[in-house]
Structures are given as structure tokens and as C-alpha cells.
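Chain IDs A, B, C and D follow the sequence of writing; residue 1 opens each chain.
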Amino acid sequence: MADLQVNIAGVAFQNPIIAASGTFGFGREYGEFYPLSTLGGISCKGITLAPRPGNPPPRIAETPGGMLNAVGLQNPGVEHFIKNDLPWLKQQGTVIIANIAGNTPEDYCQMAERLSDTDVDMIELNISCPNVKQGGVQFGTSCSGVEGITAAVRRHCKKPLMVKLSPNVSDIAEIAAAAESAGANVISMINTLTGMRIDINTRRPIIRNNTGGLSGPALLPVAIRMVSQVYQRVKIPIIGMGGISKWQDAVEMLLAGASALQIGTAFFTDPYAPVKILDGLQEYLDKNHIASVTELTGEMIPWQP
Amino acid sequence: MADLQVNIAGVAFQNPIIAASGTFGFGREYGEFYPLSTLGGISCKGITLAPRPGNPPPRIAETPGGMLNAVGLQNPGVEHFIKNDLPWLKQQGTVIIANIAGNTPEDYCQMAERLSDTDVDMIELNISCPNVKQGGVQFGTSCSGVEGITAAVRRHCKKPLMVKLSPNVSDIAEIAAAAESAGANVISMINTLTGMRIDINTRRPIIRNNTGGLSGPALLPVAIRMVSQVYQRVKIPIIGMGGISKWQDAVEMLLAGASALQIGTAFFTDPYAPVKILDGLQEYLDKNHIASVTELTGEMIPWQP
Amino acid sequence: MKYDVMLCKIIAKKQLTADIFDLTVEAGELAKAAQPGQFAHLYVPGKTLRRPISICEINRAKETLRFVFQIRGEGTAWIAGACPGETLDILAPLGNGYSLGNTRQKAVFVGGGIGVPPLLEAAKHFGQNATVLTGFRNEESVILKEDFEKNGNRVLVATDDGSFGYHGLVTDLLNDLKFDVLFACGPSPMLKSVCKIAAARGVPCQISLEERMACGVGACLGCACRLKKDGREFYGHVCKDGPVFDSETVVWEG
Amino acid sequence: MKYDVMLCKIIAKKQLTADIFDLTVEAGELAKAAQPGQFAHLYVPGKTLRRPISICEINRAKETLRFVFQIRGEGTAWIAGACPGETLDILAPLGNGYSLGNTRQKAVFVGGGIGVPPLLEAAKHFGQNATVLTGFRNEESVILKEDFEKNGNRVLVATDDGSFGYHGLVTDLLNDLKFDVLFACGPSPMLKSVCKIAAARGVPCQISLEERMACGVGACLGCACRLKKDGREFYGHVCKDGPVFDSETVVWEG
């Protein structure tokens, strides 16, 4: 049997399938379907320094092959997470990643510092949330923004630091290079692409926030392209995501350059998606006599012009 | 019966449904299904100064809810178009838009000048093709690039000038504003979003060009969002496109801010798509006692924060 | 098991009105675990999001669930096209249903349109102690009257155009009734007015809400609804905290 | 009518091998207009792109078309799941088929695997003047032998593992034959080798190509293939200029 383990920035994952932030809460709900140790890791719902109420409803709209969301980072705050969720999560036998967002660089630094003294395995810097007024994506769409915040957080963070990129940019490789040069250990990508749907009867945007973030299968080709671009540019590992719903998509994302994967929207369509993806991945590796999943990363063979 | 006519930059369209460039050739193939006068207009396959062979195959890949293409502007050149296609097209009873692309600003200017002496009704500046090495999207992703080329072509162009925008940018409203200030009469948007698919057996990108442009329903929410952003920024009319496949999508795009629409990929799924969209639009207007399709443009009611 | 995904065979299908369908599926453990007022999340091929549909009836012995739903778009149209013998991919039972409390109390159920089906299973438990008030657009859209009557419930119908039963709002029918507890499901204006009446009469009232959903289990925080507790307002979630809420906890917009 | 879209009722369905299916549909005008070697573009619900499938047999009197296809992915799997009585949304007939020329000439047809079905209708016209060479992986994957024989064609089969007929490449079978004209369809290496043999023997040869398609009618320029004419190379299009090409016009990569 092929080896599914991956090691990313010194953190050992039993397999490369990680729950994507915001789609899996703090794990309890999907823990009803299978032990959370089934997963390589969990990126927890994005947390902020103070609790946040989130955006008014509706927060969800369906789109062809995908969906929009504008949850707006509803969360109980970092202290509540550390006290009420982290201890339970750490008992589940999987890697725990804290996904953090802030209004100011200081917020990010303060949270990174606080979380450095806890049991979390990794910190994911969410500078790509399109659904909040302040912070979020504003830090993530310019090289200087990304470099500044990454460098600042780096100084306060004792855990491996992952920076999560937004696809709402002209040149994502440049942004990734900025994160790398500022000390990021891992890139995670992609967050959602900003979109809108309108109710043709009420003439109102379906989402109360007017716009929301596009996720799901529709996003896959954009994510694959961007991961491939970034893989060619940076040396640090990439955790790839965006529209993965089948094991074939997972293989594609690995070939494009990802060392591990996150899946999000796929949980909504089928809570058992990670189990099916892992089974398919295992079978694919065994059938093709590939000893370790790590042998797939970046093994796409580009066409020469 | 509600009035479907629209007038854009002085050009009268009998209805707002226009065939999108590159998906409809020079009209002959789809003319087998229905008279081309069924359509409000036709944006012809992108043409260049000299004939272009296009990219090697495969040029097409399917994606969830959409497709990638990298045709690479295969076309017989502007002179061939003027001599062999335009005369026939002008007899079809619909508005004819020439879509032009070039390697250099001079190419664009020369073509605009040449076409100004012909019967084409409008010129669409394609500065957003992601599938060619030179020209194309390189002019379309920075404000200075868009402003420069639009202003240059404006000086050589006696026809209404439409500038077609790329979605592969951080802030599309800014780009649209640059086109407007440089003298564009119309904005058309959006072109395709760059994407990639990989064949997991051969490990090769499915598209020979490695990347291709994403079109089809998957793109719709991104297109709606971008049209809405641009509508709030510029005063010139917008021709909206990107993933429209049903009359409901058409209504949504109009409400977001479009004055007319282009449909592309929908032809591939169903050659009769424009007929069905027009029927649905007519029925929607009549049922809601809306006298003219122009009354929909930009009538979305955004939620106040 | 709290909830799970199961491929459920359709064993009966009926069309109730022009656009309302009635499906019964074999649901094994899901049926055994289900409570009145809970809902199921139905997979539709090709759609990213499942469709939430309330459980209309539960048969624990036969291990079946019944759903009554209206065609509103592509998803519900696809479900309506499914035939007996085929299977549906169902995630259930989800959310918190109605807390029935003492079923010897006088209960009134108020349902509007497609809000009527979610009340059936709960009303069953009250038998003759339940009066069911249902409101519809017109005679053609009246549904489930006999089903409630089979439970021993007393049923009063109101229609907007007077073509069947009382001519007017279903909530008008509350005026002449005495009751200990209220249960309601239907369009927002109706629910709002039911809550007002309940508050005025000091009667406990439970209402079932709808919101656009993604996960259906409480993980994505997508299905927010404004709630209040101890004077503090916050966003709860229809799929996990509801879909049934105590009327006092709900904050109405506008 | 050159081509059109039609909802075609499936009137017969057979499974030929583990993954190859055989469908016959009522196709009215489309069947009447169809020529051997042309193809149809089949709509698959939820998919943006249609699936190109060659026309295997044409019955002008009954106005039916027959398709034989292999499950390769989600699209063909869906088509394989369609049942008699159901309809398929078909755009046809498309492209240029085989130019049969004088059907009293000695013709040899060479087909590899799922490249065999597109030859059936053309071979029919040659009756006893046609020798059909078909190559398969093994005995289990042999298809359409009796169908060709019913046309009066002489059929020779080769298998990769020797489990049926000749043990080896189907193209080896050409060595012992004399013929005036060649028709072929199958995987690229086979076609390449057929073209070589045709050139060496100075025999006209027509081959059917595949390429990923979008429109299917020649409008999108998606299905490019490298061609040469008068010494000049250019990109032609499989859907409009083909799928059948004179072997001399095709440029092989590598």
C-alpha cells in the first residue's frame, strides 16, 4: 500500500486531505460521520481577536458548479477557541491548523503570539477573506501588503506559518513570492473568487453582503492554474485547494504542485467526500505503483512551446 | 409585446443578444440553424493584421460547469475578413462587430483604420485574450496599458469603439475607467479567466498551450460581480457576457448593469440557446409589464450595509 | 447516530397539486432517529448544494420518511421527477424539531401553503387536542386536510380568494380559539403575526424558519438567523439551532 | 438541412462488451441526411460540452441511427445509462464522412478497438468487395464481427494477446492483401502505420481522426488538426474538414 503521509514545514500529516477553513467549523459536526482522525488535518473556522457576529443573512447562494458565501468571519474569538475548542480538537488525532484574520496587522500579530503558546500545529494567515469590510483581502491583493503582514506576523509566531492567498489578483505568483520572502513556511491557496448573484424577482443580490466568495468545482481550473504558477515560482510547499470534489481532482492538484490539499465545499455536497477521495487516491497510487503520495507533487509535465 | 431593441453608442440592435467573439466564427455555421437576423448582432472571430495559424491541439478541455479554450486567435487576417466574410455578413440583417487583436499598438491602430473604411458597425478591441504569447491580455491587465492602447486606437477609429476587458485583474472597475477616459464608447466584459486542467494519466496539461481561458456557466457569478462593479464606475454602456446560458442569466446580467449581452459557450451546449433566451426574456418582460428591455439595465437594488 | 447520509429508495409518490409532490422513502436508521419538525438535506445530481426539505411524516415501524414539497426551481423539479424504485441521497435527520411537551394540552397548529407539511407529524401526537389552521391561495392548492383529520385533528382551512373554507388570512382563525400552545410554519409575514398573537396571549409558540443552507449540520455558519437571548442579539443557525425556534428568541427584521 | 438538433428516442440498446454499448435512435431527417463516417454530437445533462460519437449505421428507411461507443468518462457513462424509450438530444449529421468512390473496387477497412464502429456503414456499401481487418486487445473486446459479415464483408480479426484470430497487430494483416483503396479508424499509432503502408503501396487511403471538440460545426476552431496541402501546412478542423481525411493531407506529430 502506498504511503499517504506528508510532512509540511516539519508537521507530519497522516494523509494529505485537510478540511478547509470555514467549511468544517471546529470539527464537531462532521465528527458525527467519521472519526476526525480520518483526515490529515483540520483548518479551523477563521478566528479573530474579538468574537465577530458575522454578516446578516442570506449568506449563501448557489451558482453553476459552485456556490457563493459571505459568512463574514462569524466566530467566538481566539480566547474562546483556545479554551473551548482546541482541547477537544487536539484529542481527535489529526493536525490542527488555526486560521486567523484581523482588522489590523497588530490583530494578526497578537493572535499569532497568543496561539504560539498553545497546542495548535500550524497557523494559517487568512489575508484573503473577501467578505469582511476591514482586513481580510485588503492585505492580500498587493505584494507590499502581503510582505508587510507576513513579516510582522513571522516575528510573533513560533509555529509554522502558512499564508493563504486570494485568487482576486492579476499575478498570484508575485504575491506568493512576497509571502515566501517575508518568511512564510507554507502557501495555502486559493481562497474564494469574488462573485455575485441577483434574484431576478426582487432585484436584490441574493447575498445580503451583495457579493460573496465563489467556491466549489467551478473554481477548480483556476485553482489548478494558480497552484501551478506558484509552484514554479516559490520553494516553500503549497497546500492546494479550490473545487476539489473527486480523487481525480486531488491527483490533478498534486501534479500541479500541491504537497497537500484542502477540501471545503465538497463537504456540503457529500459529507463523506474526504473518505472517497482518500480511497480513490490510495487506489490510484497502488495501481500505478507509486510508493508515496509525495511523488506526485509538481510532477505535471508542461508542454514546451 | 415588450420592446427588445437597444441602442448602444448610436448602433441600433434589434435585440440585446449578440454572439460572442470566437464562439460563432463568421456566422456561417450557426446560420444553418436559424437566420442570423434572429440575433441582435455578431461579434466576429478575433482577427489580426496578418493571418494566424493558431495554437497546436488540443485546444479545448471541459471543466465543471464550463470549459477551457486556447485557440490562439487562428484567423485568416483582416484583409481576408473584409473581402470574404464581411460582405456576406452584412447581408444577414444583424449588427456586425469586428473583434481585433494585435501584437503591437500599431497593429491595432492599423486594423482600426482599415476597418473604419468598411461596413462593420462597431469595433471591439480585444485586449484580453489569454491564449497568445504577444499582445492580447498583456495590454489589458494594467490601467496604463488599457489607457494607452485605447487612446491610440481611438485616434484611428471612425467606428464606435468597444473595449473588451479581462477578468484576470485585481480591480476591474479601475481598468474600465481607464478605457472610458481614453475614449472607449462601450465596454464589453468579461473575456475568459485563465485556467488549467491536467490529464492525470499522461501528466500533461490537457490544453497544449498549458493554460486556457475559462468560459461557460461556471464564470457567471464572477461576470455578474464585475459588470456590477464597472456599472457603478463608468457612464458608457456595458455589453455583458460570461456564462450566460438561460434567460434568467440574461435578466441577471442586465440588472447588474449590462445594456446588451453576448453569449458564447452556450452555443456549444445548445445551438438554439439564443432563441430560447430571447423567448424567455420576451415572456419575462411581458409578464412583468416592462415595456422595454432597456428598463432592466442596472436596476439591481443593492443591499445597504 | 445523530444524522447520516443514506441512499433511500422511493416507495411511493403522489402529485398533490399542480406543483406540490409527496414522496415516501425507505430510510432505515434515519427514520428511527427522526423527530417531528426536523428536516432532511437532499442531494440533487449536478448541484453543489443539497436541498433542505422538512420531514412531513415519520413511520418508525416501517422505517419510512415522507416529504411534501413544492417545485420552486431546478432542484425541487429534479426531485419531483424521481420515481418509485429510484433512490434519493438523503442526509437526515437534521436540526431541532418541535418540542411537543404535554400532548394533552390544547394545541393549535398554524400552517401557510408549503409550510403546512412540516406540522403533520407533530400534530399527530396531539390527536384530538390539536386544531390545525391551514391557509392557501385557493381551493386548488389545499393539501393534507385529510391527513390531519386522520390523526384526529380538527382542521380549519382559509383561502385568500375564499374558494375554500374561510375567506381571509389563516391567522384570523386564531381569534375564536382557546389554546395552551402554538406551533407554526409558513411565510414570514404569517409567522410574524402568529408570534405577535402568541405574545399578546402569553402562549408559548414554536415556529419553523427557512434560510439558504450549505452544510445543513452547523459547520459552515451559512444559514444565519437573528436570535435574542437574555436581551443579547446574535446570529444563530437555522440548521442547528432550528429550524424550529421558540418565538421569543426570534428577531424579526424591519 | 445540413445538420440540426433533434430529440431522438432510443429504440434499442445492447451492451456489447464490459464497457461498449450499442444504441439505436429514431432520428428522422437527421438519419436521412447522414453519410457513412459522419458523426453526431450528443448532449449530456449538466455538461457544458457535447460528446462526439461516430455514426455506426444508418437506416434511411426506418430513419434510425446507430451508435456504438465505449465508456471513457462521465459523459459516455451517462449515455450508456440511458434506456429505450428515453430521448437523447442529438446534433447531427456532422462533418465529412468517407468518400466511397467506386464500390466495386477492392476495399480494405482497418479498425482498431472503438475505431471499428465508424467503418460499418461505409463497408456495407462495398459488400463482398470489402475485407475488414479489426484489431482488439483480446477475445472479450471483439465487436461487430457478425455485423460486417452480414454485409457480405470478409472479416479478419487480430488480438493483442492472440486469444482470438491473428496474434499481433491488425496492420500485419495488410501484408498479404491486395486492394485498391483503404479506409481506417482507430488509435493514432495504428492510423500512422496504415498511412505509411498506403503511401508505400500507392493506394488512396482515408482515415478518421478524433480531437477534443466544442461546437462540432466548425465555428469555434477548437478541434484543430495539422494538415498539409500544396506543400503548405496549416490547422484544419476535425469537425468540419473531417473527421475523415485523405491520408496524404494529415501531418503526424513527432
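Everything below uses one rule, namely that a residue touches a chain if its C-beta (ideal position, glycine included) is under 8 Å from a C-beta of that chain, and two chains touch if they have at least 3 such contacts.
Predicted model only: the values in this text are computed from it and were never measured.
Student: Over the chains that touch one another, what is the least number of steps taking subunit A to subunit C?
Tutor: So the least number of steps between the two chains is 1.
Student: Using mean C-alpha positions as chain centres, tell me how far subunit B is from subunit C in Å, no decimals.
Tutor: Averaging C-alpha atoms per chain gives centres 46 Å apart.
Student: Using CA atom averages as chain centres, what separation in Å is found between subunit A and subunit B?
Tutor: 33
Student: Which integer distance in Å separates the CA centroid of subunit C from that of subunit D?
Tutor: 55
Student: What positions in subunit B touch 2 or more of the other chains?
Tutor: Within subunit B, residues 61, 63, 65-66, 216-217 contact more than one other chain.
Student: Graph shape for the chains shown, where an edge means the two chains touch. Line, ring, star, complete, or other?
Tutor: It is a ring, because the chains touch in a row that closes back on itself.
Student: Name the touching chain pairs, please: which are they?
Tutor: Touch list across chains, by label: A-B, A-C, B-D, C-D.
Student: Okay, in this complex, where on subunit D does subunit B touch?
Tutor: For subunit D paired with subunit B, touching residues are 1-5, 43, 47-50, 89, 91, 211-226, 234-235, 240.
Student: Show which residues of subunit B lie in contact with subunit D when the two form their complex.
Tutor: Within the complex, subunit B touches subunit D at residues 22-25, 29-30, 32-33, 45, 53-63, 65-67, 69, 71, 74, 206, 216-217, 265, 267-272.
Student: Could you please specify the touching residues of subunit C with respect to subunit D in the complex?
Tutor: Interface residues on subunit C, with respect to subunit D: 45-46.
Student: If we count contacts the way the header does, which residues on subunit B are in touch with subunit A in the complex?
Tutor: 61, 63-66, 68, 133, 141-142, 168-170, 193-198, 200, 202-205, 208-211, 214, 216-222, 224-225, 228, 243, 245, 248, 251-252, 255-256, 284, 299-303, 305
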